[in-house]
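Structures given as structure tokens follow.
Each of the two complexes below includes chain A, the first together with chain B, the second together with chain C.
For the complex of A and B:
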């Protein structure tokens, strides 16, 4: 065998191993979702009882018998989540009515704002854009304070709007899309403007179809973020039954297991679907953020 | 009206910007000023920088800042090195796109579920301790010991490798490949090629990955908090723990002051990064 082929095989092996390691948490969750709720609870509980005392224990607790494969493969976890226990539907529904407006709102605001930034001839626009970038860089904890102040002032504290609205106006999408527009052929826009097309026409028929990669990247990342909202919900939402699934799952992690694996897998599914739909365009969309 | 018109741009492009601008005003800029105001007052009276002084002298705040900086200083370079090496390995592989998808997947897993995985491994009654016990060793309280920091770094790297990797891989696509040919014909060594072509063209990407990694290192707090709790081992008591506790205590002064300090620190970092990148890129080209 040639040396070149050997190198290629070595590369492929290394990358495959790295990928397998990085996917361990995913495998763990998905494979365990085919475990019965009872088996999961007995495996991951700390409590010593007649079922767990035969496992590894000391005088205080039972040690988790972690496994990637269930003893018996069953769909009972899924039955609990999808058919028996309506609380899961409640939480997933909460996640949907939080995440969908967050993503759609960004899609309504960000592309036209990016276009505005790109075409506006005003010497202050770049200063404003730098402010956008700064805001984008700030960690959530620093932004929670301003969001909290505004939510109080507008009286939306305690409602979903307190989480949705700041996300809608998040500057990240504007940045992402404008970076891609910079690589866009300006002559085309000039030509269309000279032909008498108004700004809205130019945007909808020339610019918009050409910024698909950035928009796709925005959809994927914004959805992943919105679907996984935890801190904002804990701060702004008072009622337990209004919490999104992401918060519920994180509370389960601290408490009893139940059907967490099946629930996690069901919950992961839409995010993975959106991700797979967007993955072709996504790399291109993100790639432009590095160019100035 | 006519004077106003003079200041508005001639065309109606600014209308496109308006929704976003109003939103930014209401949810970011104006409350940021209110927050700044909070950080300069105490009980309604103006105290200049007294709050800043108090916060900076606060022992817990200092601990949190030191820990956060140490966490960033360790996790961000590690994350970048691994991502860069993986990107180099992926380059030229037919299955590049397929692997990228695999590495990106951890980004979309709900935090709660990932935390459950790490907990099953490292909890006091976790799987690792079980194995230690079965083999006759003493168990380790991973979360309560100095191991908490390496574990936090591990969790961070697992989640963020994919994002940095994609940025590196796409950055690599923008390198004009002819340059490699030219350099090779001119008889440049691999190292020279790396220094004059790869390093120069990857510079903006590298800075972008650096900046994004720092932002994401603040984001991983969600997982760290769920995993290690409200009052974790001293070595992982982060700035966000400090802020969360202030939030719970509804301490507006300290909270606003910390938020302001954090914002300034990030802005400073961004400015330094940007100028440095400009200067480095210019000096090469």
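For the complex of A and C:
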């Protein structure tokens, strides 16, 4: 076997192992979602019943007994989530109400802002851009307090707007799209300008259609971030019933263990769909940023 | 390869549409049909009543001894209530006669049975029953030592016990305890009021039933309304609909 082939096999093996490790929790959740309530309680809670008595310690606790596959396959978890308890629907809708404006808002703001940064004729624009991008380097938790103070000043604390507005003006989308615009053929823009097209016409007819990979990447990444929002919701939303599903899942884990895996599977379904929808363009979109 | 890409996109789009349909359908179901499947219950609030407990005994008139006369009574009668008799009444001792309680003494044998006010001076419990010494004044001086008297020992329960419909009280054969379901109101996930039942053990006075009502060993009315009847068996945490 040639050395080249060996390297290829080694690479493939490494990537496969990495992919398996990454996907293991996902498969674990999906497979365990078919577990019966009794088995889930037996394996993952401190509830002591005749089946867990043997493993009980001196502190009257028993160890978690993780299993990749359920002993008996059942849809009881899904029945609870989708039919028996309407609470889940409310929280999924909350997540949708929160995530969709966040993504649409970024889609509306980021391309225009990136275009502005790219086309602006000002010697300070790069400094301004670095300053804008600098907030991307700060952890989100560090920005929560300034966001909270701003939201209170605007009178929107306690509402979804307090979470949506900072996300709409997130610098990541601007950075992502501007990086792709850098590779854009500027001759096309100049040609359009010579033909009499104004800036908006140039942007909408020439630039925007050519940055679709970056837009798709932005949709996928922004949706994933918005769908999994936890810290901002805990800080800004006061009413329990207005919390998104991502926050409610922790309560499900504490209360209804039998439904947690089914609820998690249902919850990650939209994010997976968005990823599948955008996976082809996403690779091209991220390629320009160096993130890939 | 191009076909595969298109297929995955189409599949994602179709699944997304199905997911949205599921969400809309599930939401409609949870707000309509699911609500109708909840147990239908009737509820009531507990009421307290002034309640008198009484016991009767026969005695014989005696001249007061030193203790009784120190209370100002010239006459007394000694009563004995056996344990069998005591238990038959069903009352717990703490609800009954105590030193200082007022009693009514009726002189038997005379045509008009004159009635005197008396007081329990001594209450002694032993293995066989309770010895009660009652002092009283014969203002008419009609009675003589050896005459028979009828003593009515009666007093109002303080504070008042709670009376609830018998159908609201359930018996747990495993723990041997009686319990009731109470209803709490809270905001539901969709913003509307939602009613949830919780179970709470209750203790009974041994007399238990007064017609179709039950006497609960409790001094203040319950904070929450309780379930009188339900069309399906209830359990802790069950979401219910209210009748009417």
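The rule is short, and it goes like this: the second predicted complex is superposed on the first by the 264 of 292 C-alpha atoms of A that agree within 3 Å, B and C clash if a C-alpha of one lies under 4 Å from a C-alpha of the other, contacts with A are read in each partner's own complex, and residues count from 1 in each chain.
We adopt the following convention: a contact is a pair of C-beta atoms (placed from the backbone, for glycine too) under 8 Å apart; a residue touches a chain by one contact, two chains touch by 3 or more.
Keep in mind that what you see is a predicted model, and the values were worked out from it rather than measured.
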- Note on the structure: Winner on chain A touched-residue count between chain B and chain C: chain B
- Query: What is the contact status of A:277 with respect to chain B (first) and chain C (second): first, second, both, or neither?
  - Reply: second
- Query: Just chain B (first), just chain C (second), both, or neither: which does A:171 touch?
  - Reply: first
- Query: With the two structures laid over each other on chain A, which partner does A:44 touch: chain B (first), chain C (second), both, or neither?
  - Reply: first
- Interface residues of chain A shared between complexes with chain B and chain C: 274, 276, 279-280
- Of all residues in chain B, those that touch chain A in their complex: 9, 11-21, 23-24, 26-32, 34-35, 86, 89-90, 93, 95, 97, 99-121, 123-127, 129-130, 133-134, 158, 161-162, 166-167, 169-171, 173-174, 204-205, 208, 211, 215, 218-219, 221-222, 226, 239-240, 243-244, 247, 255-256, 259, 262-263, 266-267, 270
- Message: Looking at the complex, which residues from chain A come into contact with chain C?
- Response: 82-84, 86-87, 89-93, 96, 241, 269-270, 273-274, 276-277, 279-280
- Task: Using the touch definition up top, name the residues of chain C that touch chain A in the complex.
- Result: 5, 8-9, 11-13, 15-16, 19, 22-23, 26-27, 29-31, 34, 187, 189-191
- Complex contacts: residues of chain A adjacent to chain B: 8, 11-12, 14-16, 18-19, 22-26, 28-29, 44, 46, 56, 58, 61-66, 108-110, 112-113, 115-117, 119-122, 128, 131-135, 137-150, 153-154, 165-166, 168-169, 171, 174, 199, 203, 224, 227-228, 230-231, 235, 245-254, 260-261, 264, 267-268, 271-272, 274-276, 279-280, 282-284, 286-287, 289-292
